[in-house]
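Heads up, the next two complexes both have chain A, just with different partners, chain B and then chain C.
Up next, the complex of A and B:
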């Protein structure tokens, strides 16, 4: 009887929930199963226990990818947010049409597909004739092969990354800035605070929840970086990561094991290892926040 | 210190210079791409900074050549269809489910919604390979349904629509029911029109995301007949391609045009949509 009363509700959510179960829940569970099996997609999966996980943890590509990832997130996430905050404050200090113009201009790189940002920048970074080298040439510097010199590759990627992500985070921070009551600034000004002090003592504390969101979200997406380093290094499933694996990242390594090495069990295990790392870092962030709030 | 004329302080001048300089950094790569395309062939052999377009007709010739002589037009059609079908599915299934989750109560509602929301925290990295394996097993590789269907249950879309539908007054639903409207009619005639704004924003964001999706087409559509714009652009830019810079840039520009047009038309909706997803997340 009650089922009949509720039937229309279940019918309406059914399409979404069925798709969700088939293409989200089932893949996760099956991935967990595969991660304990040796499987190339053709022959039946063979149970190998924790071997996939052990193999990954012991592999040189894994430590290289994780090392690269640590350097990458340690720079790109804070730098990206700092730039985004600067942009948001800058745009916020204009009014009317100019505020709109600058906001849209800074946001434009976000609109491009990420694959395109990477391919355009590959040409800008090109040795000898690339735009950046031409500009450096005006100052008498020699040509730098930004995407093939292990000393510059990481920074070349981070520059593209900030170019793309700053506008995205700026828009979120701008919405947060609009929610700060102007009385707070007036009170601070009456107390004799200058512009810088107002930013440090009013803007940043009031923005803290939004900053936290932007930081956590940025961290989670940065840990899964794929398109940009893949395209900047001209990677394919048989050869990826760039010179001496200087731009090898975990998701690239995982995709390479799956579609280059045809080791689906290992790739599935890789996904779970990465997820564990992401959950651990996110949990640490939330713990840190609640600990700071309690103090 | 002397006051400079009518409110123009060194601080304002510096601020404007900074704002304009950053605008140049943000926009120049895009502008430069346009300039390389709209220049006489042979001219862009050197990649010197091009500050303005020099030949409109040459640019259109290149666009025509790319459409006529490569698989670009087909990739364009595939990417558009991929985006349109994804938008339609995400909006339809998402709004049906959001209608129930936000306005009604039924056994299991909270638990089901919580499971979907938890999935927002699961990284793509862990699902992409098993989802590929499932798609392969049901024989959907290199097919439109293989591209589209696995992405239709968008937890983000559901979240966004639920936020909006929660604001619909329950009285309106009751009034419609007393007028004899069926459950589906209430959804179609009352709830949907009321959240049209959210639907448009979600459609635009879904378009941007689908058009820019690189990883999923890369593994699902491996035959040249099923390549999306992202893959074709990748081919043009690959180290082994024999194309000249201006051809490659034309390919890039063509991929950029739909999202750039979308942004110019819907800039407010896009910016608000992203700001909202941030402030409510």
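Up next, the complex of A and C:
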């Protein structure tokens, strides 16, 4: 009786559930299954218990990739948000066609294909004759090999990443800025607050939920970084990560194990380790936020 | 002599077509072959010619349709590996011989040996021997038909050489000559060469100026590198010597091509694929350039690498007709048309010997370059090369050029690390 009554509702959600099961649930479950197997895609999977996980955790590339990731996240996420917030405040101060112009200009890198962005930046970073080295030369500095000097490679990547992500974050923050009631700024001005104090005591607290979203999204994206370091270092499945693996990241290592080394079981285990890390960090952030809100 | 050769290849072509058609008649049915190629084979005039090949093949095989799909290097490999795992492989596909081992491991490549042996001897004799041998890791195992390929060349900017006071009418005969020219170019305030330590293939090209296939690549049986420490020491010294003469950009960077086109770079060691760009620049902006063999340590020896792209056939119900298609497109008549259209070297030696083809300047030099060059990652089809291998070669070459190691130390440490990498 109950089933008959709810049948139309089940039918309505069935397409979503079927697609979800086929394209999300099945790959996740089969990936989990293969993560405990030695499997190269051709021979039947052979159960190896936790061996794939142990191999990955003990590997030098994993340690290097995770170390790089931590440095990358620690700089790129906060820096990206700061730059985006600065741009959002700047664009918010314009009106009319200038506001539209700057919003579109800053958003442009977001829609640029990754390979094109990488080509442009490889030119900018080129030693001796790249734009950046030409500018440095005006100030008497020597040529820097940004994409092959292990001391500069990470910062070169972060600059590209901030350049690409700032526009996207700016649009979201700009929408948040538009929702802040102007009365709050008027009240702050009446109380004698200067522009900086208005930003610190009105804008930032009122933007907190949006900033939390931007931070969480940025963190999850940063943990899965792949295309930009892959393209900037001219990587392929047989050689990736740049000089001395200075730009080796977990997703690159995982892809290399799958398609370069043909070790799908190991790659699946890698994927699960990364997923667990992302879930744990995201959950910790949500818990921290709710704890702060309760205080 | 020429008539005799033409008659013989004509007879071979007819025999091959008859053999293929006989099998085709037997297999006449509605079938669609998925044919994956590199993306530059699926664009412009190359695509138009590929479509002509397909039209001719399908006209002779009623009921057969061929879908050509272009993919980038990594997409091609990822698609074939994933396709093998999911049972959804393309029927006929291109890739580099250097990823052959991965494809054999995942079961993406049919052993073509029996089909190959069933072909007329005249067809089998058409291919470059070394390219064919690379497809056969063991007796009675043939995993590919050699298709296109390259031998790396030395592109020379003649304007830069003139500014540096170098007589460009004679190519450098040896490494010593070439290095002296590089120094002259630097003295003229211009760049001599890209940074050859940044890309595995450019390191291999310079190694080949001193070494050979026998002292490069892998000893899979003992899981050790075949790199000779004495030769590598010599080569690392060359990188140290070239350190102040180079652009700092890799041979693959757009910046390198732009420097060459704008008359700031003298030499570019690379495959023939940059030629259309330079030929276009010659027309548009008057670039004066030529291409010669990369000189080796002694006169008569050449440097550079060679590598071949292959055509593989997936195992499965379409394997017979897929092999017929593969045999058709790699056959002399098609490969000669391909070479004439694009001026590109390929693995069909009979096509390369065709007078209309061998008269093309780029082909002429490419044939000599390929014959004298070193195989880039041989032997193929035996085991997957771990990613740490190429990265280690690049890291130690760069670090030695930067002065972090002496060439002796660099060579010793590199070989130890490579052996550890292969032993993993």
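Keep this in mind: the second predicted complex is superposed on the first by the 276 of 295 C-alpha atoms of A that agree within 3 Å, B and C clash if a C-alpha of one lies under 4 Å from a C-alpha of the other, contacts with A are read in each partner's own complex, and residues count from 1 in each chain.
As a working rule, contacts are C-beta pairs under 8 Å (C-beta built on N, C-alpha and C of every residue); 3 or more make two chains touch, one makes a residue touch a chain.
Fair warning: this is a prediction, and the values are worked out from it, not measured in the lab.
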When chain B and chain C are modelled together on chain A, clash or fit: clash
Give one of first, second, both or neither to describe whether A:259 is in contact with chain B, with chain C, with both, or with none. both
Check the contacts made with chain A and report whether chain B or chain C touches more of its residues. B
Applying the touch criterion given at the start, work out whether A:143 contacts chain B, chain C, both or neither, answering first, second, both or neither. second
Mind working out whether A:63 is in touch with chain B, chain C, both or neither, as first, second, both or neither? neither
Regarding the shared-chain residue A:127, is it in contact with chain B (first), chain C (second), both, or neither? second
Determine, under the contact definition given at the top, whether A:40 touches first (chain B), second (chain C), both, or neither. second
Using the superposition on chain A described above, determine whether A:197 touches chain B (first), chain C (second), both, or neither. neither
What is the contact status of A:245 with respect to chain B (first) and chain C (second): first, second, both, or neither? second
Chain A residues where the chain B and chain C footprints coincide 41, 119, 122-123, 126, 129-130, 234, 236, 258-259, 264
Name, in rising order, each residue of chain C that touches chain A in their complex. 73-74, 77-78, 81-82, 84-85, 98-99, 102, 105-107, 191, 195, 198-200, 247-250, 252-255, 259, 264, 384-391, 394-395, 398
Once bound in the complex, which stretches of chain B touch chain A? 15, 18-19, 22-23, 25-27, 29-30, 32-33, 46-49, 92-94, 96-97, 99-101, 104, 106-107, 109, 112, 115-116, 119, 121-134, 136, 149-153, 155, 158, 183-184, 187, 208, 211-212, 214-215, 219, 230, 233-234, 237-239, 245, 248-249, 252, 255-256, 259-260, 262-263, 267, 270-271, 274-279, 281
Chain B-facing residues of chain A, complex: 2, 6, 8-10, 12-13, 15-17, 19-20, 22-28, 30-31, 34, 41, 87, 90-91, 93-94, 101-109, 111-116, 119-124, 126, 129-131, 134-135, 163, 167-168, 171-172, 174-176, 179, 210, 213-214, 217, 220, 223-224, 226-227, 230-231, 234, 236, 250-251, 254-255, 258-259, 264, 267-268, 271-272, 274-275, 278-279, 282
Residues of chain A that touch chain C when the two form their complex: 40-42, 61, 119, 122-123, 126-130, 143, 145, 148, 234, 236-241, 243-245, 256, 258-262, 264
